[in-house]
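Both complexes below contain subunit A, partnered by subunit B and then by subunit C.
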Partner chain A sequence: MTALLAVPLLPLVAAAAALGLGRRLPRGGGELVVGAVALALAGLASLPSDAALSATWFESGGYRLTVGLAATPLTRFVAAVVAGVAVCVGLYGLGYMAGRDDRPRFFAELGLFVGAMLTLVLSSSLALLFAAWEVVGLASFLLIGFDHAEPGAAAAAAKAFLMTRIGDVGLLLGWLLALAAVGTTDVDALVGAVEGGRIGPGTVTAMALLMLAGAVGKSAQLPLSAWLPDAMVGPTPVSALLHSATMVAAGVFLVLRLYPVFAASPGALDTLFWIGAATALAAGLIATAEADLKRVLAWSTCSQLGEMMVALGLGGPGAAAFHLAAHAAFKSTLFLAAGIVQERAGTRILVRLGGLARALPFAGAAFLVAALSLAGVPPLSGFRSEEAILAVASRHGPGTGALVVLLVLLGGIYIGRAGAATFLGRRRGAVGPSGPDWAMRAGLGLLALAAAGLGWLLAGRFGAALPFAAPETEAGWRRLGVAAGLLGLGLGAARGWSGAPALGALPARLAAGLEAVTEAPARRTLWLARTVPAVEGALDAGARAVAGWAWRSAGWAGRVEEGGFGRGGDRLAAGLAAGGERLRALQAGRLYLYTLGLFAWTAAALAAGALMLWP
Partner chain B sequence: MTGGQAMGGCMDLGAVAPEMVLAGSALALVPVAGWVRGRWRRLPAAVALLALLVAMGLTAPMLTAPPREAFCGTYAVDPFRGFYQLVIEAGALVSLLALGSHFRGSEQEPHHPVALLMATVGGMGLTAATDLGLIILFLQMVSFPSYLLVLLVRSDGPAQEATLKYFLYGAAALAVMAYGLTFLFGLTGSLNLRAIGAGLAGADRAWVALAFGLVLVGYGFEMTLVPFHVWAPDVFQGGTAPASGFVSVVPKVAAFAGLLRFLLAAMPDGLAAWPTVLALLAAATMTFGNLVALRQASLKRLLAYSSIAQAGYVLMGVAAAGQAPEALPAIGYYLAAYLLMNLSAFAVVAQVERMTGSDALAAIRGLGRRAPGPAAALALALLSLAGVPPLAGFAGKVFLLVAAIEGGFAWLAVVAAANMAVALFYYAAIIAETYFRDPDRAEGPASGAGYAWALGLCTAGTLGLGIAPGLGRGLAQLGATLLR
Partner chain C sequence: MTVPLTAYLVVGALLFAIGLYTVVAQRSAVMILMGVEVLLNAIGLNVVAFWRFTAPGDYSAQILAILVVTVGAVEMAIGLALVLLLYRQRRTAEVDAYADLKR
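Entry: the complex of A and B
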C-alpha cells in the first residue's frame, strides 16, 4: 500500500526539495522533480491490481468524510498517462528553463501540479478529489502567471482562475449533495447507491449536472472556454502538460470516474453531448482562423475535449478514455514542437513563420507525426481513438456519425494549416542560431513516439484492461473518417499556406463573439467589485461627515473650555486651594485623620449591616 | 430580611470565577500601568498572560457542567458558555502575545493589557448573560476597551479618526439596541431571556419583529454584518495590526455567542422570521465583503473585508441554528478556526507593518524570501480562510454548508459556495505577492518572541483542527448544550 501512497507523494516531496535546494543543483531542481515523477510512474506499474487505502477523515453528524486512494483500472490508466506525459514534458522543461534564475520555483510549481493531479486521479473519495482539484487549479494559476513580465500574463492567470472557479462551485455543491444523499464521500459508495437505485432520479440528475459544471470549467467547454487560449501566455511546458494533456482532461476524467452517475441520468448525458458538440464545432472552426500557433493548438484542445464529451454523452466512455490518452500524447507533442519553433523564430504568429522544416528538422518531424495523428491517419494513435469515437457515434445514428466525421475534417484543416504555415513554404522571418538541447529533444522525441505508437498499445493490452466495452467500427464509416482527415489536411495546407485563415474570416468573428459572451460573468464580477466601493464610499462619506462634525465641535468645545470654563475653573481651584490652606492651618493637618475616620465609620456600618442581614 | 436572604441564595461567585480573575487583574493593573518604568513595563503583560491562563483553567470545567443559572437567573453556567469563553480567552491570549511584541519598549507597553483584559471580560460576560440589562452592559464593556485598544498606536496616525468612528457608530448602534430591548421588556414584563421567550409566544408579531430588528443592530455592529459594518474597514486600517486582529476576533465571537443565546432562548421557533432575515443578511454580508475585498491594496483593509465575509459564512450557520442540530457545533468549530487563521494573518501583517511602516500589498512583496517562517504562516492562514483543504477553514466551511443544507437553506449554501470561489482569488493574490515576486526591500519583518509564539500557536491550531477536525468538533459539540 505504501507504493500507492508514494505515487502522489513523490512529486510533492520533490517539489518541496526543488524549492529548497534548487539553487544549488545544476538543473535548478528540475532533475529531482523529473526523477520523482519517473519513480512514481514505475510505482504505478508495480502496483498490485485493485490496491486501495481509505480512512475516515472526519465525521459530522452522520456524515462521513473519507480520504483514500484506489488503483482501479481506470484510475491507473489515467494516472499512467499523467505521469508519462509529465516525465516527457519535465525532461523538455529541463532544457527549456536552462539558465533561468527562477527555475526552482518553476519546477516546484510543476511538481506540486503533478502530485495534485495524481492525487486527483487516484482518489477514491470525493472530498480528496475536490481538494486535489482545487490545488491543481491553484498550480495552474501560478504557472500561467509564471512570467510576470510577459504582458497579459497576470490577467490571463486571473481569468483562468476565475472562470474555472465558477465550475468548481458546481463540483463543490455536487459532492456536498452526494454527501447529503449517501452519507459518505466514498466514490464506490456513491456509485453503488446510484446503481442500486437508492437515490431519487431528480437528485441524481441534479448531482450529475452540478458536477458537470465543474467538468465544463476545467475542460474549457462552452460557455467557460475563453480562458484556455489566453492561458497560452504561460511557459510552453505548462501549456503542454496542464493545458492540453492533463489538467484540462480532468473534466473528462471526472465524468469517466463517475460515469454510472451520469449514465443514470439521461438528461445529464444529453447535456453532456450538446455541450461537447457545440464546443467541438465552435472551437474547431475558430482554430482554422487563429493567427497564433499556440492559440490554434489551444482551440484545438477545446475541440478535442469536446469530442471526448460527445463520446461520453453518446454512451462511449471507453472511446473517450482512449481519446484522452491519445490526445495527451499528440497534443503535448505539438505544443513542445511549437515551443521549439517559438524559441528559434522568436514569434508564434503564423504569418511571420514559414519554411522552418529545413532549420528545425527534428521539431518538424515530431510535429508532422503528431499532426497526422490528430487528423486520424492510420496507424497512428489518433486514428485508433477517433475510430472508437466514430464507432460509438455511428451506432447512435447517422447524424452523430456525420458530426464526428465533420470534426475530424475540421481537425485536419486547422492542423494542416498550422503545420504548413509553420514548416513549409518560404521563410518569412529570421531564425535564431542555437538548436534545442538534448533534454528538449529527448522529451519531444519520447512524446512523438507515444503519439505514433500509443494507438497500437491501446488497441491491445492497455485498452483491454479498461472496464469499458469498445464497439467495432463499420468499414464504411472508418473509410469516411480517414478520408475526411486526409482531405482536411490537404485543404488546410493548401488554403493556409501563408498563415491566412483556412475557412475565411467568419470563424474569427465567431471567436470574438464567443469571447464577449463568455467573458461577461467575469467582467460583471469585476464591475460589481468596482461599483460596490462607490456605494460604500457614499456611506463612508456620510459617516466621515458625522465624525468630522463631532471632531470639530469637540475642538470648539475644547477652546471654549480652555478660554472660559478652564480659566474659571483654575480660579475656582486656586480659591479653593487658598481656602484649604486656611483650613489646614486651622485644623493643623488633622484633616487626613478625620477623613480616615469617616471611611472607618462607613466600613463599620457596612459590617454591622452585613452581620444583621446574615441568616 | 427576605431580600437579603434571596440575595444570599443567588450569590454564586464560583459561576463568575474566570471573569473575576480577569477583572481583578485588570483593576489591579490600572495603578501599576501608570507607575511602571523601564523594563518593568513588561510586568502588566506578564500578569495579564498569567491571569488569562488561570481563567482558562477555571473555565474548562464548565465544558462538562450541567446547565444551571446563577445570580437569580441573570447569568448562565453551561457548556455553551464554557466553550465560547475558552475561545475568547484563547483569542485574547494570542492577541496579547502579538500586542506585547508590538509595543515592546514603547510608552504604550504597560497600557494595552488593561484594555485587553477588560474587553475580554466583557466578551466573556456576553456569552453567559441571560438578562437584558447585563447583555447591554457587557456589550458596552467589550466595546469601550476595544476603542481604547484601537487608539493605542506606536506613532500617531489615523487611529484617532478610526477610534472616533468606532466609538460614535458603536454608541449609536448600542443605543438603538437598548431601545429594542425596552420593547421586549414592555411586551413581556421581564428582563430574563427565557421568561421573554415564554412571554413572546402570545405577543403581537409586529412588535416582536420591530424589537428584533432593533436588537439586531447592536449584535450586527459587533459582528460586522452588512449594513452595520461601515466602521470596520476604517477601524481595522487605522488601528495597529495586532489591535485590529483583536477587534476582528474577540468582540465578534462574543457577539455571535450572545446572539445565539438571545435567539435560542428569547425567540424560539423562528419568531419574527429570524432564520430568513439572518439568511438574507448572511448572503448580503458574504457577497459584499468578498466583492469589495477583490480590489483592496491595503492588507488590513483587505483583511477587514475578508472578516466581514467570514462573518457572513458564520451567520449562515446561525440562520440554520433553530432547525439543524448540526448548526451549533458547526458555528463553534468555525469561530475557533476563524480566530486562529485570522489572528495568524494579522500577526504577520503586524510584523511587516512594524518594520516597514506600511500595510500595503507591496510591503509583503517577496516576503517568502525575506522571512520564510512568517510567510508560510501567512500563506497557510489565507488558504485556510479561503477554505482550501486540509486546513481548518475547509472543514469548518463543510460543516457550515452541511448545516445550511440541513436547515433548509440550500440556496444560501449555493451563494456561499460561489462566494468561496471568488474569495480564493484575493487570498491567492496575496500569496502570489509573497512568494512569486522579487522583494523590493531587503529588511525582514520585525521579530519578537510574542509574534513567534502567536504565529506558532495559530498555525499549529489551523493545521491541527484541519487535519483532525474530529477533536475540535467534539469540543464544539460539547459546547452546543445551552441553558434554554
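Entry: the complex of A and C
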C-alpha cells in the first residue's frame, strides 16, 4: 500500500527538494522531479491490481468524509498516461529551461502539478479529488504566469484561474450534494448508491450537471473555453503537459470516473454531448484561422476534448479514455515540436514561419508523425482512438457519425495548415543557430513514438489496459473517417501554405464573437475579485484611522507624562535636594551650634509649656 | 539677715549663663567640659536653694543634689577620658577639628 501512497507523494517531495536544492544542482532540480516522476511511473506499474488505501478524515453528524487512493484499472490507466507524459515533458523541460536562473521554481511548480494530478486521478474520495483539483488549478495558474515579466502572462494566468474557478464552484456543489445524498465522500459508495437506485433521478441529474460544470471549466469546453488559448503564454512544456495532455483532460477524467452517475441521467448525457459537439465544431473552426502556432494547437485541444465529451455523451467511455491517452501523446508531441520551432525561429506567428523542415528535421519529423496521428491516418494512435469514437457515434446514428467525420476533417484541415505553414514552403524568417539538446530530443522522441505506437499497443488490450469493451467499427465508416482525415490534411496544407486562414475569414469572426461572449462571466468574476480589494481597502483605511487615533492619544499621554509627571517629579527631587543642601549646614559638626540649638529648643519648649500652663 | 531665694536664683542664673557661654564660645574640648560642669553646678545650686526655701523638711532634694554632683563627676571622668583619647589620636583638643562625619 505504501507504493500507492508513494506515487503521488514522490513528485511532491521532489518538488520541495527542487525548490530547496535546485540552485546547487546542474539541471536546476529538474533531474529530481523527472526522476521522481519516473519512479512514480515504475511504482504505478508494480502496484497490485486492486491496491487501495482509505481513511476517515472526519465524521460530523451523519456525514463521513474520507480520504483515500485507489488503483482501479481506469485510475491506473490515466495515472500512467499522466506520469508517462510528465516524464517525457520533464525531460524536454530539462533542455528547454537550460541556463535559466528561475529553473528551481519552474520544476517545483511542475512537480507540484504532477503530484496533485496523480492525487486527483488516483483519489477514491470526492473530497480529496476536489482538493487535488484545486491544487492542479493553482499549479496551472502559477505555470501560466511563470514568465510574469512577459506582457499578458499575468492577465492570462488570472483569466485561466477565474474561468476554471467558475466551473469549480459547480464541482464543489456537486460533491457536496453527493455527500448530502450518500453520507460519505467515497466514490465507490456514490457509484453504488446511484446504480442501486437509492438516489432520486432529479438529484442524480442535478449532481451530474453540477459536476459537469467543473469538467467544462477544467476541459475548456464552451462556454468556459476562452482561457485555454490565452494560457499559451506559459512556457512550452507547461502547454504540452498541463494545457493539452493532462490537466485539461481532468474534466474528461472526472466524467469517466463518475460515469455511472452520468449514465444514470439521460439529461446530463445529452448536455454532455451538445456541449462537446458545439465546442469541438467551434474550436475546430477557429483553429483553422488562428495566426499563432501554439494557439492553433490550443484550439485543437479544445476541439479534441470536445470530441471526447461527444464520445462520453453518446455512451462510449472506452473510446473517450482511449482518445484521452492518444490525444495526450500526439498533442504534447505537437507542442514540444512547436516549442523547438519557437526557440529556433523566435516567433510562433505562422505567416513568419515556413520552410523549417530542413533546419529542424527532428522536430519536423515528430510534428509530422503527431499531425498524421491527429488527422487519423492509419496505423497511428489517433487513427485507432478516433476510430473508436467513430464506432460509438455511428452506432448511435448516421447524424452523429457524420459529426465525428466532420470533426476529423476539421482536425486534418487545421493541423495540415499549421504543419504546412511551419515546415513546408519558402522560409519567411531567420532561423537561430542552436539546435535542441539531447534532453529535448529524448522527450520529444519518446512522445512521438507514443503518438505513433500507443494506439496499436492499446487497441489490442481492451479490457486489460483499458477497462472497457472494444468498440466495433463498420468498415464503411472507418474508410470514410480515414478519407476525411486525408482530405482535411491535403486541403489544409494547400490552403494554408502561407499561413493564411484555411477556411476564409468566418472562423476568425467566430473566435472574436466567442471571446466576447465567454469572457463576460470571467469579467464579472474579475470585477468581483477587484471589488473585494476595494472593500478590504476601505476596511484597511478604517483600521488605519483607528490606529492613527490611538497613536495620537498615545502621543498625548506621553506628553502629559513627560510634561506633568516627569517635570513634577524632577521639581520635587530638585526641591528635596536643595532642602537637603540647606539642612546640611545644620549638621556641620560645629559643636556650639548644636549646643545653641539644644538650648534654643529647650527654651522654646519651656516657653511653650509655660504659655500653655499659665492659668 | 537672711539671703533671699532670689539672690540664690540670680547666682544660679549667672552661673548657667557663664556655663552656656563657655560651652558655646570655647573651642577647646577641655574648656567645653568645664562649661558643662558649671552648667551642672548652676542646676545643683538651684536645686539646693529651692529645697532650702520651699521644703526644708524633705531630704529627698538633698539626695537629688548628691545625685547631680555624682553624675557630674562621672560625666567629667568619661568626658575627660574621651578628650584624652581624641587628643592622642588627633594631637589636638580643638572640637572644630573633629569633622570626620562631614565628608
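Going forward, the second predicted complex is superposed on the first by the 520 of 615 C-alpha atoms of A that agree within 3 Å, B and C clash if a C-alpha of one lies under 4 Å from a C-alpha of the other, contacts with A are read in each partner's own complex, and residues count from 1 in each chain.
Heads up, the rule we're going with is that a contact is a pair of C-beta atoms (placed from the backbone, for glycine too) under 8 Å apart; a residue touches a chain by one contact, two chains touch by 3 or more.
Being a predicted model, the structure only gives us computed values, none of them experimental.
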Message = Per the contact definition in the header, classify A:Val248: touching subunit B only (first), subunit C only (second), both, or neither.
response = neither
Query = With the two structures laid over each other on chain A, which partner does A:Leu142 touch: subunit B (first), subunit C (second), both, or neither?
reply = first
Task = Classify the contacts of A:Leu179 with the two partner chains as first (subunit B alone), second (subunit C alone), both, or neither.
result = first
Task = In the overlay, answer first, second, both or neither for which of subunit B and subunit C A:Arg105 touches.
result = first
Query = With the two structures laid over each other on chain A, which partner does A:Leu526 touch: subunit B (first), subunit C (second), both, or neither?
reply = first
Request  = Tell me which partner A:Ile340 touches in the superposition: subunit B (first), subunit C (second), both or neither.
outcome  = neither
Ask   = Is it subunit B or subunit C that touches the larger share of residues in subunit A?
value = B
Query = Inside the complex, what are the residues of subunit A that reach subunit C?
reply = 587-592, 595-596, 599
Query = Which positions of subunit B touch subunit A when the two form their complex?
reply = 1, 4-5, 8, 161, 164-165, 168-169, 227, 230-231, 234, 288, 291-292, 294-295, 325-326, 329-330, 388-390, 394-395, 398-399, 401-402, 405-406, 413-414, 417-418, 420-422, 424-425, 428, 432, 435-437, 468-470, 473
Key: Interface residues, subunit C side, partner subunit A - complex   = 20, 23-25, 32, 95-96, 98-99, 101-102
Key: Partner subunit B, residues of subunit A touching it in the complex   = 57-61, 63, 65, 105, 127-128, 130-131, 134-135, 138, 141-142, 145-146, 148, 158, 161-162, 165-166, 168-169, 172-173, 176, 179-180, 525-526, 528-530, 532-533, 536, 539-540, 543-544, 546-547, 550-551, 613-615
